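Both complexes shown next keep subunit A, but they swap its partner, so subunit B is in the first and subunit C is in the second.
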Partner chain A sequence: MADPTAALPLWSVLVLPLLLISAAWVAVAFDAALTARARGGRTEVAAAVLLPARETARLLVGQRRRTLAPDRTLTTTGVVLLPIAALLAAAVLPLGARPVADLSVGVVWFNAMEVLAWAAVWAAGWGANSMLSLVGGYRFVAQGLAYELPHMFALITAALAAESLRVPDIVAAQADLWFVVLMPVAFLAYLVSTAAMAFWGPFDAPVGRDVAGGAALELCGIDRLLFVGGRWLLLVVAAAMAVPLFLGGGAGPLLPAPAWVALKTLAVLALLVWLRRRLPTVRMDRFAEFAWVVLIPLTIAQALVVAIVVLQRGGGM
Partner chain B sequence: MSVVLFWALAGAAVVLGVLVFRLDSMAQVTFALLGSFLAVAGLVLLLGLGYLGAVIALMMVIEMVIMAVFMIMFMMNPAGLMPMTMTHNRRGSLVISVGAFVVLAAGILLVDWPARDGVPPPDPTFALGEALMGGQMLTMMTLGVGLFATIVATVVLSTDRGRYDRLGDELDAPVADDPMGGGVGR
Partner chain C sequence: MDLTRLLLRAGAARPHVLLLPVPGGTSVRLAVEAELARRGWPLAQSPADADVLVVAGRPGPRLSEIVEAVWHRLPAPRARIELTDPADVGLQLDAAAAVLANTARQRARQHHDVGPVSHHAHEEHGEHGGHEGHGDMGPVAGLPMADLGEDRDGLTLDRVHVPLGPLLPDWPPGLVVRVTLQGDVVQEAEAEVVDGPAAGEVDVWAGRAAARELDALARFLGVAGWDDAADRARRLRDDLLSGAPDERHATQVRTLVRRVRRSRALRWLLRGLAAGDTDVGALLERRLAAVERAVRGPDTPPSPPPDLAGLARALVGADLATLRLIVAALDPDTEIAPARVPHG
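Moving on, here comes the complex of A and B:
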């Protein structure tokens, strides 16, 4: 490790998807174990661990469902775009000290890539030419309008405190004080928007049971594998980004940086997976008003406080 | 490498732009336009303007998805299940587009471009921020307030409900009478 701040070597491009899929695997297994436990009876650990493999195999051999006059182009675009968006967003994620792609505008890149999920979910919902799936697609756009601005303010507050858009710089700025302590409101807004972005509970109305599965309703076989898998990847990547932004990145005693990144990521994921079972689904119209009337002013106030702290420290220009 | 990328992105931008007028579904048209914009964002990234490129991608995705909602809402035949066309007033639009292209292309070829004076800034993102917050602050503030006023005015003009509909003639109703309840219970 000659230069600890440079990007990882090129082969890491191949490792990144494997790491993300492993993390998603753990999250799915944890979710399945919680489900089994909630149903009562014994928690079959082996069954929960094997569930992702079983589901993948089942979906891979499954047939596509044909609907009347579908828009295959848009379905395929949406379904393929979701995991790709998650992977591209993960490129700026420091795995340990260094990310795969060390962009000078890493935070903006992350934001730009994850927002591709808007297009993906809407296109997948539209493509099947099925009413409930279309409702799901539109629901996600409405939800997007609610979560995106608090999300951006949370991201930019972290960048503001570090005076840099580069993710490793943001990690380095937390050497003394993790940003979760400096800006707790931004961290909470980030967690809320993470769940909303991956249409994860309590913001799972776009694929809700009341619309029979919403945007994912007509997806079968490989389409469903990509869409549902992409959603898990998005959740993993968004949860993992909380670590460099607010939780000090790879900082921690004893263990090496990559181990701390993995541990913290899994902790955030576990929190999100567990919270979904504690909270009922929030309708988008309720969430939209809450986001605009409560979350946005709060995150702006948080950014103001952080800006004053930065100026007090003698930062700025 | 960057030459190949340039031509691939430039080709994609043009082809997707042409598809906007050839496809017969409003949803596909919106996504073709989005793809074209994303290719342009890639070109801007290729110029070394990381911030601008990423922001173009970010804004265009959000904008075009919202645009899709509105375009489909106002389209006579939204789904394109029956043939729909994006071109109207064919002869007039052809004259205007060809004319605009000729004028712009002639401009590129005929203008006596000055030689480059100075070097690019070491950090274009920083230079952009400084320009927006420094020399162009007044322009940007005026622009921002103007855009915001337009948005507010448009919403006010298009909604048929005002505060008297929500809170009664004396504006003293304890709970607003809204067709759809919000999450804060106002």
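Moving on, here comes the complex of A and C:
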């Protein structure tokens, strides 16, 4: 039998995008059903399930319109980068016990790929040469200053407890106790920062309604498909990463590991989708204040506590 | 070639609708919003995201120009309808969807009008800005550069002149606010209504104060990004308009008001946002109180809407996100407002 912690075979590279798209499909349908219910219109399950297909068809035949004096290279870079960043970040996700790419620095890789989204949204916002679109792009830059540090501290606390940056090692370290119990603050900080990273509500100011869609304002046709689709993929990957980091990965009774990973991912995703509708959009200045005054000290304290626990049980040097 | 036809038909099953309300067209706007909610068709936030352009009301000469410019920015496949009678809404939306699914028609259209939008087409609808301040620098690609001016601390900073409206989500019909921005802070503001309604127009809100207040509240919650509460307010408004208000409705409205008032998140976000001599939180509370008053009885007179000069005054010193909240909170009634008032 092969080493159970080695990477998955090469063909899994092709399966990974399909899995992510399926999860995104479920999330879009769930979001559509919630929206329809709140509006009081028809809440047909079939309509919600078909929605991603309809939207995709609509954007595939949509014309790519240009604004005046755009920076096409920048727009295209931003728009294409978003789904690619999500896919690359997903490479280190264990789909069951093993990831597609088993990197010794998996957590760092994941974070590095996520940061690409920062550049992508700014580039898409700038490229259109449109005022409100530019505002949206810069809002995301400001948002990054607020969420990125708590995000890194949350990631590194999980790695610290496992004494490894390899994602399967982090899963293995949770055999006795899930990290969500050991480090609840880090888990919450991860959820908050990960929603902000996917500019998902309540952190959707970069594509907010008050700026008529912000960074996405001028995108149409295939550009919009890549941007909006990329954002959904990013959200899925962010939710999926919570599973190996905090929720014990594929551990669970009866069902095989991949089923548990899928179930836990969908549960986190459902929580994020549901929360979006329940909360108003967080203003940039307030979020920055909250992140620096509350989140960062809390995550540092959490890391300290975990470090002491690790030393207590005789880990480290 | 029937992949295109298939895709067109799939897309036309749920088109995104860009609603451009005209002053005096409120009854049509309400009918369109209710019908879209019933069908589950989404409202587009910008022309790039839209398939159908719906003009609610009869636009005057200046708004007609804006409608043309907006239409030019819709990507194909696209359709356009102008509605003046609330009774036509359903039929016309069906017709628009049929145009979208019509392969031959969409192909023929895609051939003419490609290429970038002209400079002229960008003016007057908030999603493009900075075309008015003519500084010393020459134009770049037909657009003038930002000019310089003193800011509140006496520093000389870039300033950009931006018209906001009349096409923005949850924005009063026909309102255009011209602002001078330094960074994202408003230095000067000037508000006007483009093509206000002719005298003697019927007031659709007469005797429906509760629905009027809920409509304004829904706009505010929409701008604040609280989708669930905004949808709820819109739904209650539509219920009130379609039937006689009974006790159950009144209870639901009160529940919504309580929910908004108690929201800790909203209070935290609005805390300390100045709006002229008051703040956004106080303006919201005034709106919530007005909703409660209107629900209690139809006899209470509606609170008088602010004038445009007061609006412009309240915007100076705000940033862009706050500006949107202030406009939504004050909710100037552009259907009765007089013409242009500057404030600097």
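We take it that the second predicted complex is superposed on the first by the 314 of 317 C-alpha atoms of A that agree within 3 Å, B and C clash if a C-alpha of one lies under 4 Å from a C-alpha of the other, contacts with A are read in each partner's own complex, and residues count from 1 in each chain.
Keep this in mind: a residue touches a chain if its C-beta (ideal position, glycine included) is under 8 Å from a C-beta of that chain, and two chains touch if they have at least 3 such contacts.
As the structure is a prediction and not an experimental result, all values here were calculated from the model.
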item: Superposition on subunit A - do subunit B and subunit C clash or fit; value: fit
item: Once both complexes are placed on the shared chain, angle at subunit A toward subunit B and subunit C, C-alpha, multiple of 10 degrees; value: 100
item: Which of subunit B and subunit C A:Arg72 touches, first, second, both or neither; value: neither
item: First (subunit B), second (subunit C), both or neither touched by A:Thr35; value: second
item: Which superposed partner A:Arg278 touches (first subunit B, second subunit C, both, neither); value: second
item: Partner chain(s) touched by A:Met131 [first = subunit B, second = subunit C, both, neither]; value: second
item: Partner chain in contact with A:Arg224 - subunit B first, subunit C second, else both or neither; value: second
item: First, second, both or neither for A:Ala57, with subunit B first and subunit C second; value: second
item: Larger contact residue set on subunit A - subunit B or subunit C; value: C
item: Touching partner for A:Arg313 - first (subunit B), second (subunit C), both, neither; value: neither
item: Partner chain(s) touched by A:Gly213 [first = subunit B, second = subunit C, both, neither]; value: second
item: Subunit B and subunit C, minimum CA distance [Å, superposed model]; value: 5
item: Shared subunit A surface residues [contacts with subunit B and with subunit C]; value: 69, 282-283, 286
item: For the subunit B and subunit A complex, residues of the former touching the latter; value: 25, 27-28, 31, 34, 50-51, 54-55, 57-58, 61-62, 64-66, 68-69, 79, 81, 123, 125, 180-184, 186
item: Residue ranges of subunit A touching subunit B (in the complex, touch as defined); value: 69, 71, 73-74, 77, 103-105, 108-109, 111-113, 115-116, 118-119, 122-123, 126, 129, 138, 141, 144-145, 148, 165, 282-283, 285-290, 293-294
item: Of all residues in subunit A, those that touch subunit C in their complex; value: 35-36, 38-42, 47, 50-51, 53-55, 57-70, 130-133, 135, 201-202, 204-205, 208-213, 216-221, 224, 276-284, 286
item: Contact set on subunit C toward subunit A in their complex; value: 4, 6-8, 10-11, 13-16, 37-40, 45-46, 48-49, 51, 73, 75-77, 110, 114-119, 122, 126-130, 140-143, 160, 162, 168-170, 184, 221-229, 231-232, 234-235, 238, 263, 265-266, 268-269, 320-321, 324-325
